[in-house]
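Quick notes on the structure that follows.
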């Protein structure tokens, strides 16, 4: 029987095996890809079997460290499943891209990517705070190593920044988790269920800080630029595509349900930060000199928007936020892979030296356009659907909130159009003229295409996702919503 | 008529086996003179195994006070016996990979056995006399072991420094014991406790005695401001010895400290608690901060072990059942990480034929994937990364602190751990620095198999302690009950 | 004039201080070892003095043990000094600085 | 019947997908024919569906069908909902019919362009989007179509993407439309929050129950969307720039179909607007101002396509006036006829541009009547229809709008009436200025050098370009007869059911009166144009309207709207972004000074390890001092 535990252990073990066993380089890569595709299949099976109204599913619950009231308690609900699904897809594509790019030290790259995937699954499935922490902290190190070893010239500095920001946040969260788990009324109990409503403000902020940094929420995004810019494309894709979702997911699935009272009380702050971040990121994305800069700041904007949606504490906000996370995972992962491809083929991501790539490269042009249009949430796209839901939630909360937030959507159109035209259109850049990059083909195309196709599929029938997510996300915000209403 | 002291032979069987083993090893060495071919070391391993076996067999037996009330053989003593025997065994395995063992293996093994005897005795000591004798037994043995590599000036230097400073530490301890004797009229722990309970608060003899005893013990665990010897000695000593010191000495000294604080000095908690709080914080800060700027890996680990001592002190301050359990688990978790890490460095020293620095270790992880990965795991364990024993150790310590109102100390520990991640990461990054070429590869040198076995064992322990810590926590809990009951 | 406990303790403290100052000031390894012996003996004096004060022989026994251990320590210490000499190291504790930082 | 509509909707999408996926594996010529075939089938489907709809009794003519649930969250639910009624049928026919003709025309127009396949893929994508817009039965879905037409418009304006000006124009169009999308989206949100649904059925049923403020705000927000899409004041500035796209695109998107979506939206949402009289009045005001302004600007433009573009803006403003007055049928009727004659004018202009090798400046034309007689004739019909000369189509529809103003009779309606008539004068002038400059007077040197040889070799154009023009000419001439005052009532009767609250219908007398006045004014306009532009003059001469330099300057610069936006929004936003990036983001996001912290900890670490100098004596000293410190601390505590 395939359960959430399987989902976690298979990539973990496979990752370690690939890391250690001296397979031939290519073989290691293909094995990793096979495992990643297997995970996609497994998650697809979950999606197929998932009962939207039945709460947490595919779970395991076993004693782990009974002395501390810690249980191996994992299960997926709609929200977790949605993110797990997109994680599986993004990691598979990232590995596929790495294979195409003939990344050296295949064992380590792909092994670590699989391990990251496993820890991400832990985060999305955790029903126990200890387990959650294991996942939340666990994914950091493989990603850091990937960044630090395979990153760009300034990888060292970037790594230090990531460590400084994220490690700080998570360790304070650890202290908070300890407090919650050990002060449970009936002896130590780290299950999330037992922690609901027990935390005080200090504990709440410790959690919130960790999640805000991971998301990243404005103004905790200082580590994002260096990390996204220095990582290799597949790592940047995982980092911005799915690792950041751990933060957003944690806001929705951990912070809000566990601290309904504080969440309702301080919702205004998160809404304000989300709103500022949404506009801030969009404005900054507009002036970035290269593709990665645009994608990075747009990620900040999008994730801030997600946080905004979550803290509206209603059905549309939470479902929209989950949906938006899925969308953004697909979009930003694909864009980073594409940006990486461009850098590898054209030698740089600098807008001043690119341009005119659409000419006689129809596949590249089509893929880039589809992604760009999805990213700017052209009405009818799945990103539009999710942003519309969040906007709806914001508007229902306060009309001015929705109105201001809608500004960000216009800004998104501006910076994405700038990206599209700077890469694809206008005059041919000098690098394009010199290096004559080919069209997007074979491996690289296969790595990006599934993400684009997933976006298109979600655009055709977004309800397939929201119907599965909605009951779960409503449950998550129900407590805080009630508290907010009572206020 | 002289009453013969009451001796329960079975209760001290582990010590007897160690001493008999040492004698046997020495005799074999004397008889075989140069044709020993590792028989001495194997005998030593056997002695450790037998000793540990006795202790395990006696696990759960009712406590016994024996040898003229000089020794208490309780669960705590048994735990230390098992741990020390394990450390000794692993250390001998590691030491086999050291070329010098071919000529002097038997002596090494014999002295190690003596040191181990001292460590087990100090854990079970029931009077300051026993404490002092045991302390000196292992200290003097360690002085010799540190200087064991007579071909190396650094080794001799470290042995001499350790001797001078260690003797000062011992003198301080015994001086303090003398004052306590003057104040209470007893060296026996229960007698001291009874005397202190009656002594007027603030009596200068008591204060002097407490501070000096404390200082002597803090010296051995390497806490501030008595940490000065640690970096020099750890760096200069043969690496296997360093590992043994970091693991076993720490266990013995911490348990001795815990026992002294829980039994004779329990009545004057008000006197020593603030001292320890200051010391703990200073130790964590200084250890971590200084480690950050080290380029010599052994020296860096020495500072990190200072920081670890500070973390252990948190558990000592918290005390009680939770604190003591956390302390024991933390120490037990620390041991395999330390021995394992230094074992990997042994390997690297052989490969590189020189000192292990951040420079010389560059890209070595690609040459030796297993050793490199193992080092990464050990370092992550030190850093307190989930799914390693080190994480559980820190988790328990911080948990006990949070639980009993010392949350701020846990936060200090957490901040220290953030810095910790930074310097462990430096090593990991150097280990997998793609831009460098390691080039050095001394394959198949004799004795390396045993080092690899030791590393594998340590790795298994570290992972098991992190993934399935239940048994360990139970054992630590049982042993800790001794300390908790001492109040 | 009766010589009381404080007198012994003072003498022992002075001895201790002399030993400590010796360690702090002298740079010859042999003198350092010597100073350590002085410190140990100050402890012995304290032990014996308290032993008399408290009654019983525990303190005196302890002092004997300390002497024995001191002897062992000196043996190791001298052995180290010999080994260092053989390696042609300068016998000056301030020169033992290859390990620092 | 609905099956046919679904087919008509799906076919262009399928066509676009096939063209996109097969790409260069398809023969270049095949792409155009495939796309056109798709359009023909879609048109036939639409036509049959319309006939079937017409055969139904009146009360059963609004057909709703849901394919699948598109989006849900909480109580919010959107279905992929089809809404097929009389208005939809009109739009379907216009989009597929005119669309088919323009596809065919494009086969000739795009011949030789290396990216022909991409062009037809985009064109098909556009048609799909437009169809989605008109057949959707839910506001959110309409918004989806709304956005997708914006997207395809962007793609097509920027089709020649090597041209920076084209890309700039495309981006401008997209962003302005995105603003409109957001306005529309906010309106939809408001409606959902008030009514709990976004489906037409629910909105129509609930619109009456809204309080007038909510209804007005919602209607105004929808109007923002309509204004942006239809290039009306104040979000009109993208339309003239959009002429950077290939001419068939201008004909299809920026004349016949997409830009009229705003009119469609207002007509479609008439129950809501009925509940929001202020919004309706706003529409009329926007319309009147727009038709006058656009007409005036058209007077001085020199780019043939831009003249037509401003004319389009002006004509759509008429439609706005119509729907704003409550004469929804008249607005849609004008939309219908406009689709014919404006597409015709653009396509004719395309023939001219083709013959002149891409030249678009009217000063470099002239005298083409003799070289391109067929084109001249067709465009003349189109121009007369545009001016509203009896009995061509434009007259009937425009006069219907103006007559409705008479019927309404409020002061605002009178303003609209007079404004509309003044607009008719402008229309007459600028339309025939175009005709005279291009086809009459002496040939410019450039035209003389190029046109005769080009036409000699290729004729006025390939038959694939000419035949659609002929058909449209026929249409532009006769479709007005559907609704001859007092004689035929086809259009009004057909559309009457879409407005439950009723529509304004002028009497036949009002209409004939208006026609009389308007035709006279139109003829006067033509006469003025003839007076001004038929005489010979130097092509380099500035083409003044009057003597006032100021007026000229203002009109040439399109009344400074672009400059206003640049100063008010674009530059401040750019500046803000630059400042944020350069000076603000780093301090705000870098609150954790990792560099500083790193330096600090490293400094601390070095200072701490300074005392680790390797000298045993100093270590002993530290130990001694440490002990002394501990003792002192205890003494202080005790004392």
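By written order: A, B, C and D. Residues from 1 in each chain.
We adopt the following convention: contacts are C-beta pairs under 8 Å (C-beta built on N, C-alpha and C of every residue); 3 or more make two chains touch, one makes a residue touch a chain.
A quick note: this is a predicted structure, and the numbers were derived from the prediction, not measured.
Measuring from the average of all protein CA coordinates, the nearest chain centre is that of A.
The chain with its C-alpha centre at the largest distance from the centre of subunit A is C.
With centres set at the average Cα position, the gap from subunit A to subunit D is 36 Å.
In whole angstrom, the spacing between the mean C-alpha positions of subunit A and subunit B is 43. Centres computed as Cα averages put subunit A at a distance of 65 Å from subunit C. With centres defined as mean CA coordinates, subunit D is found 98 Å away from subunit C. Touching two or more other chains at once are residues 160-161, 164, 168, 231-232, 294, 422 of subunit B.
With touch defined as above, residues shared between interfaces to two or more other chains in subunit D number as follows: 609, 612, 614, 616, 620. Residue numbers of subunit C whose C-beta contacts span two or more other chains: 23, 32, 93, 96, 98-101. Every pair of chains that touch is listed here: A-B, A-D, B-C, B-D, C-D. Touching subunit B in their complex are the following residues of subunit A: 19-20, 22, 63-68, 104-105, 107-108, 130, 133-135, 137-138, 141, 144-145, 148-150, 156, 159-160, 163-164, 167-168, 171-172, 174-175, 178-179, 181-183. Considering their complex, residues 20, 23-25, 27, 32, 93-94, 96-101 of subunit C touch subunit D.
Per the touch definition, subunit B reaches subunit D in the complex via residues 160-161, 164-165, 168-169, 172, 202, 204, 207-208, 211-212, 214-215, 219, 224-226, 228-229, 231-232, 271, 274-275, 278, 286, 289-294, 419, 422.
For subunit D in complex with subunit B, the residues that touch the partner chain are 601-602, 604-606, 608-609, 611-612, 614, 616, 619-620, 622-623, 625-627, 629-631, 633-635, 637-638.
Against subunit D, in their complex, subunit A makes its touches with residues 157, 160-161, 164-165, 168, 218-222, 224, 280, 283-284, 286-288, 314-316, 319-320, 323, 356, 358-359, 362-363, 366, 369, 373, 376, 378-381, 384-385, 388-389, 391-392, 395-396, 399, 402-403, 406-407, 409-410, 413-414, 417-418, 421, 424-428, 461-463, 466-467, 470, 474.
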